[in-house]
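One structure follows; several queries about it will come next.
Read from first to last, the chains carry the letters A, B, C and D; within each, the first residue is number 1.
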Amino acid sequence: MSAFLETLQLGRTFGGLKAVDDVSIAIQQGELVGLIGPNGAGKTTLFNLISGFTAPTSGEVRLKGERIDGLTPHDIAQRGIGRTFQNLRIFPNISVFDNVTVGAIGHENIGLGSILPWQKAKSDRITQKSFEALQAVGLLEEADQLAANISYGKRKYLEIARALAMQPDLLILDEPAAGLNETETQHLASFISRLHQEGRTIILIEHDMRLVMSICQRVIVLASGRKICDGTPDMVQKDTGVLEAYLGVDE
Amino acid sequence: MDYYLQQLVIGLSLGMVYALVAIGFTLIFGVLNVVNFAHGEVYTIGAFVGLLIFVSFAPPLVVVLLVVLAVGAMTGVGLERFAFKPFRRFNDEATLKSRAMREATLMSSLALSIVAREGIELFFGSQFQSLPLKHMLNSPIKIGPVTIVDGDLIIFGTSFLMLAGLQFVLKHTSVGLSIRAVSNNPLGARYVGVNTDRTIAWTFAVGSGMGAVAGILVGLYYGAIFPAMGFTPGIKAFVAMVMGGLSSIPGAVVCALIIGISEAMSSIFVSSVWQDLVAYAFLIITLIFFPRGIFGGARERV
Amino acid sequence: MKNRRNILALGSALALATLPLPVYAQQPTYKIGYQLPLTGNTAQYGIDFKNAAEIALDQFAKAGKPFKVEIVFEDSRSDTKEGVAIARKFVDDKSIVGVLGDFTSGVSIASAQIYKEAGMPQLSQTASHPDYTKVSEWQFRNITTQAQEGPLNAEWLYASGYRKVAVIAEQTDWGQTVVSNFVDKFKALGGQVVFSEFFNRGLADFRPIITKIARDNPDAIYTGYFYEDGAQFLKQMKQLSVTIPVHSTSASYNQQLITLAGADAEGMKLTATFLPNNPAKNVQDFVAAWKAKTGQAEPGQFPAQAYDAVNIMLAALERAHPNVTRKSLRDQLAATKNFPGVTGDTTFDADREPAKKLVRAQVKNGTFVAVDQ
Amino acid sequence: MNASDTSHHRWLWTGIILTGLFVLVPLLLSLAGRSYFYQIANTIMIFALLAASMHLVTGVAGLLQLGHAAFYGIGGYCAALLATHFKLSFVVTIPLAGMMAGLIAFLVAVPTMRLVSIYFAVATLGIGQMLHVITLNWVPVTKGPNGILLFGGMKVFDIDFSKPVPAYYLVAVIVAACIYVIHCLSHSYYGNALRALREDDQCADAMGINTPRLKLESFTVSGFFAGVAGALWAHTAGYISPADFNFNVSILILSMVVLGGLGSLPGSILGAIILIGLPEVLREFKAGDFRNIIIGIVLFGVILFQPRGLIGEVSALDFIRNQFGLGRKAKNDANKTDGKQMRVGWL
């Protein structure tokens, strides 16, 4: 069985700099995989390569066996990859509910014709999905507030809810715990675990080691654009290469 | 052959007029990343102030230019205070770079430009102002087969001085250093102790002073000073700025020259009513095919 | 979501409706509407018209006629939107029996559609668009069109011995007629038009065009511009040391041309219907009144045109008195014959076009003087 | 989307609006006995449609449009040329003019769609100016500066629509219908997708929103309605020339949208009422010379003190609570909530 998502010798150079260099990873359906690495390791670039924000200079990305590199972000999103952003990117001037609907709208691929009366079923599905997503993250109370007016922590959940409304097959979370305090991080960890238990495939990019080690089954480590380790949390913690990369020991 | 040479020279001098306006315009955009729609009106105000000084005191040109520079700088500071500063309510990065601020200031400067233009019109009337002809900068000078006027030399000299002066200010003074810092990273500049508000005010002072000087010089050059005079040069400067890569002043100057020459040369082939199409076509082509400006080097600002 | 819109529409409609409507006295006072640009890019022309109209009205009031006349001025900004609103306003006011204006042909024609529908006589002092008087029998104009001026100039240039002529004009409806009427006649006479081009109004830099003209080396240049563009053109010709004789139309006749262009205007020839140094009494009275009222130099062609338009209207009113209606005023306007105005004698032909006598003039020593024929 | 959009309120408001538009306003105008008010009302309605069409592309989709007058002009010219050359009735020319403007908007949008924010604004400014230069100077087709005079009048079934009252009804019906469509578009999930573009188009793209297609669509639709407005103007004014569609008109329309509040359809319409009505009101008060300055000052004041315009984007989802009591219901009955009940989106 081919992997759910795989990258094959994926590479991207900016100027002369190899941001991502020959990275091959494979994610199986239903996995919760952590992706870690020191600053500038190329985590977010890898992420952007997968979600289509950046085109790779070499290699390929496959989702369910089909090549998706070179597609536009919305094509990739519609094939089932939902993501959040490292720096929160919610839509501040519309309501929390409307924010979430955007994910569902993307999934339903709404166009000009959708205001026609016989397209109402689509709208109803969007309403329902958005509602369910809001409920899942516990933001129903804030549904009609402007997204700009809710707290930072809640915005994090809003972003996840928006991605969930896309009904993604694969959910990529880019540093969801950044800026959260201890309790909030705990809460988030259990939330992510729950999403995983419900059967979702998730990639988690994180700085917070403890979060990653506590909930992920498998951890991939990037350093200087290359994959240096891929295994269970225990294996990764014992790997000397990882230690060197984090401590900055010269090779 | 002489004919083509003459058209080329006319195009050059036309381009220099656009360049003169584009310098201040680009400085303000480059630092703040906002479009100052009122730049054309600062240009007009410069011309009217210069005209008033000429009519009342008839001092030498240099004195007039200095006074106009000062008045322009004050106008710029006032403009910044009323049309731009109120929208920087918060000094976080999101506000300084947000699209909302860009568009709000675009509209606020547009609104002020309406007020300024209508005010001038109310006060002076919309016709060409009569200018003592002896002050005009249009005595012909024959160089071989082509004719230029003294104004061409003065405008060239002024543009050159402005560019050089600006480079000096930016590279060798503390104000210039803070302007560059704010341009690169407003939030970072603030963290290291740069007074952002004052620096932005300075930027407007310098940019608008230059705009005002351009106004009186071009006014004297053509002998045409009227309330709506800022519109066309404003648009051409805008185009030059976009072509030059938005935040590059030398780029804008070179592109202004290219626009001027192309306009003059185009009139060789087609009727001059189509001349305006040249600048707009350049604009669209640049935007579609060279989104980073025709020199490609500058960072893309989106 | 349109609710607010309607509430506001109602509100503003109410606000407008409750404004006090003027109450009219029993004594015969006739009202004339005058739509003209008092603000905007063309305000200088509209303000001149207003001054000229006030002079005419003043003189009329002092003449002790059996009725009074009031002129209602409305600012159209040379904007069609505002022009048609004013037209409706004038039509609504039952006491307004005739309308003057507008300045530009475009606004005049758009308003004419409304005057046509409502049956209101309209007399424009300047609308030169060929279609203007074709809108309906209610439209009159007091400006010689290029259909008259163009051929006359063609004959003049041809008689001066010019065979190769360059023609330039502004890209407006008027400029189009300048070129076509002149060129048709000049070619019919056997002359050659070596260069013909339009320019966008308010073009600052004529040098590319001048250089182009100079290359074709015509015997003369025939120009269709207003005084501001004219001054620019003449200055830049001198600047490029191009010394081809320049002819122009009555539209460039304005003292400001000489103020703006100075010595560079010397020698320009043009046709005109009005010369302030014409010794005729009515002309001198007007010039004196103009100087006293505005503190400016002599009036140009356009104020004189407006002055005459007002007087033609007043004369028609006088003939229609005491049975003044819009219809009777229109008929009396149409009957205007040999009206002695400062721009010459005016007679409206069957198409409500004026036939006027044009004089030939030249800039000499900083002033416009008639050329002996 | 507003708290009042519940279903019975909806019909109430629709009723009020339609009665106001078709009965009360004409009644009042007729009582005032002045066709002048009809003229103003017509101009306001045409500009309300223009502002509404720009609202869709600028207010909702966030594409700053500085060349809207060009599409207005294309519509006007298309209608006038069809009416004069082929003697077509306005019944035919108005939709054709809209389609033509939509088509040109589409062609303009294809290469410029990937431009962002100010770049896009500058491109529309350039294209708008180019189209203006072309209408002014392409004399054989557009008659250039001479403009086009429509002699024919507007007679259909013996009703002369060039008379003020029939013209009012004609314009009111067409404008109301167009604005209703725009309302449906902007108050649906389609509108939400456009709002997502406005807020952060890259992010919207990552959510699966086909941003280039949406931009293209909204720009084309907006061009279509601007074209309809142009055709209405050409037919009701009877004469058009390039001066009616210059850069200042683009700025005027943009000012309406900003004045009323970016993102709010009623705001745009209010902006049109104010910016067309205010000069006329000031004319009544003999403030003639100052009225343009006053408009500039009003615009500036609104931008400064009411950054969201007079009616900013209304807090978007009040209506969910009102309509379904979701807030309370969710607490008690969260799991049982049936998606079918939650009919939200558009009227």
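Keep this in mind: contacts are C-beta pairs under 8 Å (C-beta built on N, C-alpha and C of every residue); 3 or more make two chains touch, one makes a residue touch a chain.
Computed from a predicted structure; not experimentally measured.
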item	value
Third chains touching both subunit B and subunit A	D
Farthest chain (mean CA position) relative to subunit B	A
Centroid spacing, where centroids are CA-atom means, of subunit A and subunit D in whole angstrom	39
Chain centre separation (subunit A, subunit C; CA means) in Å	71
Where subunit C and subunit D are represented by their mean Cα positions, the distance between them in whole Å	37
Where subunit B and subunit D are represented by their mean Cα positions, the distance between them in whole Å	34
In subunit C, residues with contacts to at least two other chains	39-40, 171, 198, 200
Subunit B, residues touching no fewer than two other chains	118, 122, 271, 273, 276
Contact graph of the chains (line, ring, star, complete, other)	other
Pairwise chain contacts, counting only pairs that touch as defined	A-D, B-C, B-D, C-D
Of subunit B, residues touching subunit D in the complex	35, 82-83, 86-87, 99-100, 102-104, 106-108, 110-112, 114-115, 118-119, 122, 235, 238-239, 242, 271, 273-274, 276-277, 280-281, 283-284, 287-288, 291, 302
Subunit C contact footprint on subunit B (complex, rising order)	3, 6-7, 10-11, 14, 118, 121-122, 125-128, 130-131, 133, 136, 138, 140, 142, 147, 149, 222-224, 226, 228-229, 232, 263-264, 267-268, 271-273, 275-276
Contact footprint of subunit D on subunit A as seen in their complex	51, 53, 72-74, 77-78, 82-83, 85, 89, 91-98, 101-112, 114-115, 120, 122-128, 131, 135, 140-141, 143-146, 162-163, 166
Sites on subunit D touched by subunit C in the complex	2, 13, 16-17, 20-21, 24-25, 28-29, 31-41, 43-44, 48, 136-137, 139, 144-147, 149, 151, 162-164, 176, 179, 183, 187, 237-241, 243-244, 265-266, 269-270, 273, 276-277, 279-281, 283-284, 288-289, 291-292, 311
Subunit D to subunit B touching residues, read off their complex	62, 64, 111-112, 115-119, 121-123, 125-127, 129-130, 133-134, 136-137, 251, 254-255, 258, 289-290, 292-293, 295-297, 299-300, 303-304, 307
